[in-house]
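Chain IDs A, B, C and D follow the sequence of writing; residue 1 opens each chain.
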Amino acid sequence: VIVSLSPDARPSTCVALLAAAAAAGLESRPLPDGRGGDVLGVNSALPTNALQRPGVAAVQTTHKPYRLASREHRAPSVVRVGEVRIGAGRPVLMAGPCVVEERESLIEAARAVKSAGANMLRGGAYKPRTSPYAFRGLGEVGLGHLAAAREATGLPVVTEVLGPEQVDLVAAYADMFPIGARNMANFPLLRRVGKTDRPLLVKRGFSVTVDERLMSAEYVLASGNPNVVLCERGIRSFDATTRFTLDLSAVPLAKELTRLPVIEDPSPGTGKRSLVTRMALAGLGAGADGLIVEVHPTLTGPSATPARPSRRRNWRRSTAAGGPFTPR
Amino acid sequence: VIVSLSPDARPSTCVALLAAAAAAGLESRPLPDGRGGDVLGVNSALPTNALQRPGVAAVQTTHKPYRLASREHRAPSVVRVGEVRIGAGRPVLMAGPCVVEERESLIEAARAVKSAGANMLRGGAYKPRTSPYAFRGLGEVGLGHLAAAREATGLPVVTEVLGPEQVDLVAAYADMFPIGARNMANFPLLRRVGKTDRPLLVKRGFSVTVDERLMSAEYVLASGNPNVVLCERGIRSFDATTRFTLDLSAVPLAKELTRLPVIEDPSPGTGKRSLVTRMALAGLGAGADGLIVEVHPTLTGPSATPARPSRRRNWRRSTAAGGPFTPR
Amino acid sequence: VIVSLSPDARPSTCVALLAAAAAAGLESRPLPDGRGGDVLGVNSALPTNALQRPGVAAVQTTHKPYRLASREHRAPSVVRVGEVRIGAGRPVLMAGPCVVEERESLIEAARAVKSAGANMLRGGAYKPRTSPYAFRGLGEVGLGHLAAAREATGLPVVTEVLGPEQVDLVAAYADMFPIGARNMANFPLLRRVGKTDRPLLVKRGFSVTVDERLMSAEYVLASGNPNVVLCERGIRSFDATTRFTLDLSAVPLAKELTRLPVIEDPSPGTGKRSLVTRMALAGLGAGADGLIVEVHPTLTGPSATPARPSRRRNWRRSTAAGGPFTPR
Amino acid sequence: VIVSLSPDARPSTCVALLAAAAAAGLESRPLPDGRGGDVLGVNSALPTNALQRPGVAAVQTTHKPYRLASREHRAPSVVRVGEVRIGAGRPVLMAGPCVVEERESLIEAARAVKSAGANMLRGGAYKPRTSPYAFRGLGEVGLGHLAAAREATGLPVVTEVLGPEQVDLVAAYADMFPIGARNMANFPLLRRVGKTDRPLLVKRGFSVTVDERLMSAEYVLASGNPNVVLCERGIRSFDATTRFTLDLSAVPLAKELTRLPVIEDPSPGTGKRSLVTRMALAGLGAGADGLIVEVHPTLTGPSATPARPSRRRNWRRSTAAGGPFTPR
């Protein structure tokens, strides 16, 4: 917020504003306005009208409402997750099952995606479910399986956190938190993960505009955590032929507007296995800094003996649970 | 969930299923299937595949995924908030400011809406805000103002709760909780308010289908709280001429599909004061059990002396903060 | 278009502009601008830059792009179809089958809707069909059936015209043309019906904004036909639970922005018979000047002898072909 | 339509069905059904119920409603426009201005896009305009400019036709017709261009599903013209940050479902010049058979002498008229 003082403002006005900001725990500082006037910058969560008083000529918000995410005057950021660098030019690949099930099959999946070139392992221990009667994941047991798979492969682990009360527990296991599409406006959660140092993958909500999504990232940044990666995963449109509509134009647009890396999640966006490879290539063409994809073991041979080398061929991209699925 | 046993299932299969259900804390009971077979009903939060074992022919979910909200075999429910009965035939009117500001003006607003026929007072003490820099409400101070306005007028108070960690505090002041559009998929919150006995107003998310919304209500019902009222408040469409698109067809549809009362919130749905009265009438035509509207004092006269009787005429419907506004 | 002349413009500039407008077949006239300047109003289909020349200070379009539809400075219009007056305060009811099939059943339908209070008969002889293999209506034979039903009942006939080449033929039978949702941007058709004196029902396209729809009406008005009635019939949203999403807020909004009557078509908007009555009431609550509804004979009794008086009870509201249908 | 005869159907039933089809001007033929039954295939525009009679067991439509567009049992098609082959493996580039203005600048644009690698020239002589007061293109004069540019460069010309009454005129100049997004459901136009041998570019309407769009292509194919290319150009979603939302998943999906080539039009889909290159690469990643892009001369140097070699650098991708535009 920029507070412009009127030419006849008394010094006490400025002092009172600084005191009001300090009392609210906010940072503020006097700024020259280039025209000889006095201006006060307040990094403000005060209601704008709390700053209006005699001697104040105007209270303005800065151009971009997402001040910290904005590319204005700042270099693009690179987010590190262990030795992985997201936004450093080389696309990053995160892969793994939608839901963590058994420990052995998860470790096998982790080895398979690593040998296929993945840099990070994804998998859900806590799943948001539309139905209160659906399986909601293995919880802490699943987190333990993920840690075991990390130990076996060295891949950092990406696993979702659903609420502020889970953050400490999940942080004990996860290297990176995805904030799911349904939680983009869960502001207590955004503020809570913003207090950690864990890198975050901020997915776009089903019906959230480009600007609103940047404001969700801004919540995290404003809480002190600079390690934010955006993730495009599909929005809702009138056409349900694909599970969601992948809005890939939002990838180059986010890179133009912000300094944050952007990755693409083609699995929910298409909901159809046969489209995933093409849309992953499309995302890289659009300039994405990486991909996060779902894989699932499909045992197609007559024998299901685990871990035979030939089985690895059978790891295939699957799609989000519940979406349409075209077996080959 | 309906578990169909195969004709050659052993009695021990049935016993094991009943034990599995009991171990998971679930209610289950044998059902005749009308064709001489044995069927087991489980009110299940078990993953469906946990019920598949030798002797089980099929595991099916019942028709409506929203079992408890469904109108099948059940009478429409009436939700009581103090002496107010929602769904009892006579439309209920909830009114008040979007955000609670000062105590005196809130009490004045409460008196004005009561004299205009309102049955309940609405007002936000905690506001979800797209920007981390925006005013987020007065918090507990605002809750205190609401309690004072209730004391002054006798109107029960409706005020939003944003996260599970706030439920105990807000419950100490509020008579009814709205669950906001952004929190419809905040499942930890839905389960937490489901453990209270406080009536709930479950708003519809911006891009949530009719069925998904009913599943959010089902989360609350399945957690033990039967006092759910649905609220239609506008969805996002391609046309932003009005702030949201009021999907009024969802009102008679919800009344056809469920036993829950449904009210309408025309303020965010239109975002334009001049349309609110017409759309409130439209909602009643569509069969809504009540309305929740925003009001704000507009001082139009030459004098702004508070609490003059003639000022009450000046209380007018306003629209949600940030929406377009046509002053008369 | 308002052309502002600069203070140093020569008289020849004004003459040249008037000549350019006349050469393009346009009406223009000098206007005083209230500030002593010279201003020229051109009812222009010229490209704006064709008016920019030395001595011209500015070329501005007027506030509302829909000049003739706008309510600015003009009274609401009343559209007459025979003795029926649309927009005169009393809601008008148009009813009939979606598609004209047999002559006798159409006449029976016309009698049934008349006895139920309808003022006009609707029915399709030419149907727009998504599939090239679908039945596209009886064509001129169907028009003849409609004329016979009008003769039998006195009800004016509303029937769709699909292209400019059909206008003369359909005009020989129809009292009012609906321009269907798929033809809102069929500008050759809009201009062609604008050259007739037949009243028009301009439906809103599936994904057409409020403003774009008013521009479609403006095409007709600018072509010389003032008898335009708007019709709200549902837009596409992400939620396909109902066949379309009825955007009823657009009804009072159109009445605020324009001088045109607005009616509602609840049948495609809901696609579900059980919702039609409620949504018709909602439309009237929203301020609609009338309704257009689909009816279809449902023979529920053991006998299908035509025209038994008791059968009239069986004429019921149906929904558009292909929509979901809940039989009672 | 597949008509299955019941085992006890009399030969006269089959004869009557063949006669009914012939009377309606339809092609039909007996088909073996593989199970020893008698089946009749009718390429039918008859209402399905017109085929139901004694002896008919079932009337079924074939799996895909888009029979001719479907990939079932058929190889992908290659569409030729002069020497250009669309769908033959090498991406095709169509480029040119949105609207044809002056002859010289159009020829210059054609030379510039040819030297930049384009295979075809696009440009609009008839423009669909939301406003009746907007410039609607130069009409036949513009068609003449396009022909001159073709003569100067050898590039085939792609130019839109707006209605069935324009087809003969435009066909005298154009090598390929785009059917615009607003005309996808202009069935008289689709049938009329289906009677020509001119290749067609069928764009997707703003709110048209993947299946509906294929049915529009089917209209053309069923009218006898096999030379159909699909074009993805953006749909409407709730987010207007970009002008339309490019639904690139529809590209690989259309190639999976149909035998038709698919190209991408990134200009209206983004509405922002800085995003066009990235989204063109994304489209090729998604598997598009080509691109159609808008270019416009931006005269940045002090001199505007035409056709200086150095000016060619200044030809840049622009976006659709009316969209946002970011000058460099």
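What we mean here is this: a contact is a pair of C-beta atoms (placed from the backbone, for glycine too) under 8 Å apart; a residue touches a chain by one contact, two chains touch by 3 or more.
All values derive from a computational prediction rather than experimental measurement.
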| item | value |
| --- | --- |
| Chain separated most widely from chain D, comparing mean CA positions | B |
| Centre-to-centre distance between chain D and chain B (centres being mean Cα positions), rounded to whole Å | 46 |
| Whole-Å gap between the CA centroids of chain B and chain C | 38 |
| Contacts with 2+ other chains: residues of chain B | 206-207, 236-238 |
| Pairwise touch network: line, ring, star, complete, or other | complete |
| Residues on chain C engaged by chain B in the complex (per definition of touch) | 207-211, 235-239, 241-242, 245-253, 256, 269-270, 272, 274-275, 278-279, 281-287 |
| Contact footprint of chain C on chain A as seen in their complex | 206-207, 236-238, 240 |
| Residue ranges of chain A in contact with chain B within the complex | 1, 43-48, 61, 65, 67, 128-135, 162-165, 182-183, 185-191, 205-207, 212, 215, 218-219, 222-223, 236, 238 |
